[in-house]
Amino acid sequence: MPLPEWFHELAREVSNRGRWGDDDELGTMNLITPEATLRGVECAKTGRSFSLALPLHHDGPQTGRIPNRINPIHTMIGINTPFMGDPQKTCLSDDIVVMGTQSATHWDGLAHASYEGRLYNGFPATTVIAEAGATKCGIEKVKSIVTRGVLLDVALVKGVRRLDAGYAITAEDLDTAAAKAGLSVESGDIVLVRTGQQEHLFAGDKDAYRLPAPGLSSKTVKWFRSRDVAAVATDTFSFEVWPGEDEEVLLPVHLLHLVEMGMMQGQHWFLDDLAEDCAKDGVYEFLLHASPEPIAGGTGSPVNPVATK
Amino acid sequence: MPLPEWFHELAREVSNRGRWGDDDELGTMNLITPEATLRGVECAKTGRSFSLALPLHHDGPQTGRIPNRINPIHTMIGINTPFMGDPQKTCLSDDIVVMGTQSATHWDGLAHASYEGRLYNGFPATTVIAEAGATKCGIEKVKSIVTRGVLLDVALVKGVRRLDAGYAITAEDLDTAAAKAGLSVESGDIVLVRTGQQEHLFAGDKDAYRLPAPGLSSKTVKWFRSRDVAAVATDTFSFEVWPGEDEEVLLPVHLLHLVEMGMMQGQHWFLDDLAEDCAKDGVYEFLLHASPEPIAGGTGSPVNPVATK
Amino acid sequence: MPLPEWFHELAREVSNRGRWGDDDELGTMNLITPEATLRGVECAKTGRSFSLALPLHHDGPQTGRIPNRINPIHTMIGINTPFMGDPQKTCLSDDIVVMGTQSATHWDGLAHASYEGRLYNGFPATTVIAEAGATKCGIEKVKSIVTRGVLLDVALVKGVRRLDAGYAITAEDLDTAAAKAGLSVESGDIVLVRTGQQEHLFAGDKDAYRLPAPGLSSKTVKWFRSRDVAAVATDTFSFEVWPGEDEEVLLPVHLLHLVEMGMMQGQHWFLDDLAEDCAKDGVYEFLLHASPEPIAGGTGSPVNPVATK
Amino acid sequence: MPLPEWFHELAREVSNRGRWGDDDELGTMNLITPEATLRGVECAKTGRSFSLALPLHHDGPQTGRIPNRINPIHTMIGINTPFMGDPQKTCLSDDIVVMGTQSATHWDGLAHASYEGRLYNGFPATTVIAEAGATKCGIEKVKSIVTRGVLLDVALVKGVRRLDAGYAITAEDLDTAAAKAGLSVESGDIVLVRTGQQEHLFAGDKDAYRLPAPGLSSKTVKWFRSRDVAAVATDTFSFEVWPGEDEEVLLPVHLLHLVEMGMMQGQHWFLDDLAEDCAKDGVYEFLLHASPEPIAGGTGSPVNPVATK
């Protein structure tokens, strides 16, 4: 069965292919201009910062369901090793880490998804190779991410602690949350969409956290596109609603965002503390730093996003 | 042979032990108050950002001399894997990375060094264990780093492209560079000291990049302490001068900074592009975002520091 | 609560400390003399071989319950990489693997366990260090293992497909199985004890496979010691019965075997096909090759044990 | 430039394609019949065993020249971890290892090489994928290897400690070494060819050990094929002579052995101690156990080959 017509139509509507040139590998990160950065800087009024990252820990969100995507494994290659042979003098401890780039709080880079043999901007999917990973659109191409961040707390505006599993967020939900936030999303912004789904994770139920889940949907793609959002992140595992809306195309939002729009997606972002603070002071915009780790050829990378209000 | 008296004396002078309470694990990161953050925010005037990270790549700075501290190894666990069994539809690529936390651009966390059986703030060095890494002063305790950054381009003010191997930077060098920068270093700042040493690295000579090297010294410790600097980073492998100044204590600056002052150190920071820009516009201060990856129990972490001018 | 007296008494009875000298790191591997090897060689009469290893695969026996002990992760560092730049000519594929040494079919080496601060033969437990693993009794000290193997199919002789969870195998069970096998266990033999527990694993229930489990017990320790067995392996996760017999000392058999006797233990050995063959031809002895991988400082290693009849 | 005609002709002469059926993934391992195994067993006359493996250690043969093929990295995930919370009672140490499958003493499996888009027996090279490695001819398909081993000490018969770098071993060299060994190589044997090249390795010169090197050549391929040898191993890094004999096809022996003959290759085998013993007693045949680790989808695996005389 081919991909459904609604999908192809939506793809045509939102595509950014060629928009920044045939060689562009940055997609909507191009929208974070110095002006966008400064607009973010202006939001930093109190100097208080919030880390939006889950810990990198072996007891992380991964359950083993995705073959080989391991939680971070952190081991010591030295513990108080006497640097000079004398344990009373200089001793150093050192460590290594093994992890999936997408194991915990991370960015999906543009090379993470493909369909019909293409990545973003028409690059062949075959540009992803074992020897070097993503030779086009690798995450290391994104040198820095500093812009205005906007929290759309959809769970809050719908009056729940956690959206229902399988709930497909709508454009109206985003409008309502933006109204609650008292702001308009602008070009170059990064939008953080809160579902409350991590309630499961903190209760110890990783399977429930993973799937089924609420999330973004085919109905929100154009909302982001029309506002020229630079990226979107959620506090979920799957980013988009699961089960999906149409079994003829699974993870359509991934394809539309990553491949057609060239827009990165953040997953497993920890939004609860920030959301609590925004609810308290009514300020839903902030300076957001979310620069990826420059993993050469990475399809994504861990990130410690920081919101400064 | 015991540690020399000059070392013990300097340790007493600069110690921050107990300054933020007996349970404090953050050290000078405590100095990045909301006020310090805002002082950094004010420096972001043009919206232009500079990543200060070397790529995370198997051809990284490590030469194998440090047992087990491997360059980043990035491998694909899936390449365009058909998510639905149909290669024309949704395909996903995914990857893992194995690396030393200190392999490339990174922070030395407070648990990285110890002597006389102690970490920062009197915590026993035995709090670093195989099962969980650093149970005190782990890098994950540092949730975010957003503050003013200041570049002291010592190579520039000394009129060289690269300081000589083995050159011990002095307090006067830092003063001269600060004067060149037209600013005073303040409490909560992060100071970036440029030596030009990466000239070797970019010429392909990793051994020369590593050692011997120019770097900070016993003569600069008090300079940072008296200004209550939050952290210091260099563009070198060893951070401090090598060979050291006194063979009775190797890496004394590591001990004085990490253990006595509780001040983190950045290593392998890429400063050349930033330095070129600062030389051009004469502005040596900037908003600096350098939040570590929250590796639970990490003695350090990779970081992608971003300077926004 | 101290270790119980029965445990200390049994430890005294079975201890091999000093038996092969104060510097010995091989323990009962010393019993595999050339004569023992030849006795094993004599058993190879038909030339048919059986691998006793579970596959090394990400879908292995580990469930994540043991922090950081990951199933084998196998990734490609190159897939048909053109060696000469021409994809029609020489292409090479290459891979790496990340795994716990004890993740699947493996040997527990002598450094795996300690109590009262000691390893086998009085070596301090502190000889196990982060920098180099087991500096005494590392698995690499065991260069080769070639001897007679004997299968004691306890499940078979008890008329069940799988021993009950929590069933503590007795000396009488071993006698019965040896009688069924029509042989006497001799010095330098390696004894394989079959419980049938992998029925759970092949049914997909890794938790049931793990614990609770049937296994060897305090009642079988002297049986092996008095026969001077070189090593023992089972088809279980825990090797010894779980829950244990005395909550004042958990895993007592590990301590008595590894620390007191210096006798290695095999875990997760796949015995079903071999057992079926032995039941068919009534021959329960064979040449056994089970040399560990020479992981320097390893507390254990994966092994592909091969029985040749 | 196409592959040279001599290569294609030799390929046709030695090909085993279809010999064991169109679905065969074992190649010359099929030649290790129970009879071959028994012929090996007969050689075990004294019961003395020799491990032919280099240690698995971070200071291994790899120099970083091959991207991502790291030496074994062994780290502790626990050191004397109190199993019951009481450090006087049961404590366990555990570890993980990260390594290239081909980092040290190993087998090249049949999926390691391809040309013209084919692996052994006509399987498409595209059967090697990121998600699962080698889905055809994976090393795990070779359950066990127990057969007669024969040492051909070419260095010895040529009167040198080490063959010259770049020396292409000839069929005559093999004949001379077989005559010295006083035996004929038979179907199902595994032949170990000693060059003495590890002299460099033990002198600390890993680069010299690697390349250039003596090794097998186009002139020895038919020698092995006509004797229906099951596998060949050398004490070198590259297995075949380097530089190669014809720059139009690099690593031709790899292609002829692995792809055309379906014959595995061993590399980095440690042969010096065995060779010394064979020279002493004049016996150059032995029982050889060299079963690979069953890495699912592996292109190769580490191995601890053991020769028993």
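Chains: A, B, C and D, in written order; residue numbering restarts at 1 for each.
Just so we're on the same page, a contact is a pair of C-beta atoms (placed from the backbone, for glycine too) under 8 Å apart; a residue touches a chain by one contact, two chains touch by 3 or more.
Quick caveat, the model's predicted, so the values are computed rather than measured.
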Note to self: Using the contact definition given at the top, which chains are in touch with both chain A and chain D?
What the structure shows: B, C
Item checked: Interface sides of chain B and chain C: same vs different residues, half threshold -> same
Item checked: Identified repeat of the A-B interface (over half of residue pairs identical), from A-D, C-D or B-C -> C-D
Next item on the list: Round to the nearest whole Å and give the separation of the Cα centres of chain C and chain D.
Entry: 27
Check: In angstrom, rounded to a whole number, how far apart do the mean CA points of chain A and chain C lie?
Finding: 44
Item checked: Multi-partner residues of chain A (at least 2 other chains) -> 67-68, 70, 73-79, 93, 96, 98, 129-131
Notebook entry, point to check: If each chain is a node and each touching pair an edge, is that a line, ring, star, complete or other?
Noted result: complete
Next item on the list: Show which residues of chain B lie in contact with chain C when the two form their complex.
Entry: 67, 73, 75-77, 79, 96, 98, 130-131
Checklist line | chain C residues within the chain D interface of the complex | finding: 2-3, 33-38, 41, 44-51, 53-57, 66-70, 72, 74-80, 83-84, 87-102, 111-117, 125-126, 128-130, 133-134, 140, 143-144, 146, 249-252, 254-255, 287, 289, 291-300, 302, 304, 306, 308
